[in-house]
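Paired with chain B in one complex and with chain C in the other, chain A is shared by the two complexes that follow.
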Partner chain A sequence: MLGLKGTMTIIDNSGALIAECVNVLKAKSTPGVGTVGDEIVVVIKRARPISHNAALSNIVKVRRGDVHRAVIVRTKKEVMRPDGRYIRFDDNAAVLLNKKKELLATRVNGVVSSDLRMKGWGKIASLAPKVSRYYFRPRSI
Partner chain B sequence: MTQDVPDGLPTSLLEGKALMAHLAKTLPTPAAQTLLSTYFNPRHPDHVLPGSVLSVSLPTGPFAGILISIRRKGIDTSFTLRNVVQRTGVEMRFNVCSPLIKDVKIISRAGQNGGKRMRRAKLFYLRDQPGKMTAISTAVKKASS
Partner chain C sequence: KVEIDSFSHYRIYPSKGRLFVRGDSKVFRFAGHKTERLFLQRKNPRKIAWTVLYRRMHKKGLAEEVTKKRTRKTVKHQRGIVGADIAAIAARRNQSTQVRTAARADAIAKAKAAKKEKEAKKAKPVARPSGPAPKISKQQMKGGKSGR
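And now, the complex of A and B:
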């Protein structure tokens, strides 16, 4: 449940460490609170220092104060799975995206929620080292 | 307008008499009913205590963790398991009567075989104690591998 001013850790290797939510990109009618699988706009609050070599090359350089899009991958607020299970993590986490809804970085460190798959972020879910495989895959009818 | 009641059932069910009790007996699968009457029945000698380490086998893989809470509501009884996965704490709440739970295995019981007896019914304080959780999660990993 991340809304305006909600902070989260960034768990990819883009260089950002902590980001703050600025906007939740959902329909205007829904409340401005995001959960796992929602796209949000974030401001980078803390980032890793960029080494001299990295600054010269073409690697994505994420700096403090940058505004990026991100997708929420873990929430402290429990999320219900369609089968009635609830899953809750110890922190809020997100992964940075570019305007084309692709991953900005190359790797994801840490567990992500399987609810990502259900919301269409299967690519990110498959990049995570160990996805919470604890979801109910609905049988195709 | 009369409706037929399945064989062996009292017609008073149609009037709503003792309907919830009937549902509580018939809705859960036999496996779930045994779980309810043994592991999650506080009067049964084999009931699980909070602090025990359980492993739930689901169709998508097992989830193991320490039992931190049991919410007793008859057929809606649910329990929460907590584990640390890749340095992140994960909690999962299951309904006992969920048809997805294939099996609940007890890896270690609280208070037996050297396991510590917890002095609380709800172990939410473990969320703030990473030291205790690392010890528990390594034991869970070793036991479930």
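And now, the complex of A and C:
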């Protein structure tokens, strides 16, 4: 449940550390609260210092004050699964995107919620080292 | 699939309870608000009297579990050895005491007879001069060098 001013950690290797939510992108005009799998607009509040070497590499390094899109991957507020199960993490986390819904960075650290796959962010889920896999997939009959 | 509560070890049926992923990626399951709260307050389940861990530690209600234990008896099989097959062993075992004593008496009689024979044989060769062989020193036998 991340809304305006909600902070989250960025768990990819783009260099950003903490981001703040500025807008939640949803089709309807529901109150801007984002949950796992929602795309939001963030401002980078804290980023890792960019060394000279890093600037030469391919990874786009973000700076403080950059405005980017991101997708939420972990929330402290529990999320319901279709089988009635709830899952909750210890923190809020997101992964940066560009406007084409592609990942900005190349790697993802830590656990991500497997609700991502449900909402269409399968690529992020596959990059993550660990996906919380307690996820009931309805079998097709 | 029925899960187990991480705190109380109760069963969590599907669609009940919550799953909590901690910062270090450890997963905890809670059957409900009660266990979740206790866990987050960092209570030790071994001190909370209604949890399974406590009961195990204090050995409560284990009487039912103990009776279930059945000792496994190893069944001994009789096997024949190379020298005596099973029939022979069984025959031997099933001999009555009378038969045995009779057999023993027979054996004793035989042994005595044999002994007598032996002694008789021994008596004869004693007449032969079988004194100790003449002492020849080792050197002479080996044909060693003459002492000069």
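Basically, the second predicted complex is superposed on the first by the 136 of 141 C-alpha atoms of A that agree within 3 Å, B and C clash if a C-alpha of one lies under 4 Å from a C-alpha of the other, contacts with A are read in each partner's own complex, and residues count from 1 in each chain.
Following the convention adopted for this analysis, a residue touches a chain if its C-beta (ideal position, glycine included) is under 8 Å from a C-beta of that chain, and two chains touch if they have at least 3 such contacts.
Nothing here was measured: the structure is a model prediction, and the numbers come from that model.
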item	value
Overlay on chain A: chain C relative to chain B, clash or fit	clash
Chain A: partner with more touched residues, chain B or chain C	B
First, second, both or neither for A:110, with chain B first and chain C second	both
Touched partner set for A:99, first chain B, second chain C, both or neither	neither
Partner chain in contact with A:78 - chain B first, chain C second, else both or neither	both
Touching partner for A:87 - first (chain B), second (chain C), both, neither	both
Stretch of chain C penetrating chain B in the combined three-chain arrangement, among 19-27, 73-81 or 109-117	19-27
Contact residues of chain A, present in both the chain B and the chain C interface	74, 78, 83-91, 110-111, 130, 132, 134, 136
Interfacial residue positions of chain A with respect to chain B in the complex	74, 78, 83-91, 93, 110-111, 129-130, 132-137
Interfacial residue positions of chain C with respect to chain A in the complex	14-23, 25, 27
Complex contacts: residues of chain B adjacent to chain A	58-61, 63, 85-95, 98, 100, 127
Residue ranges of chain A in contact with chain C within the complex	74, 78, 83-91, 110-111, 130, 132, 134, 136
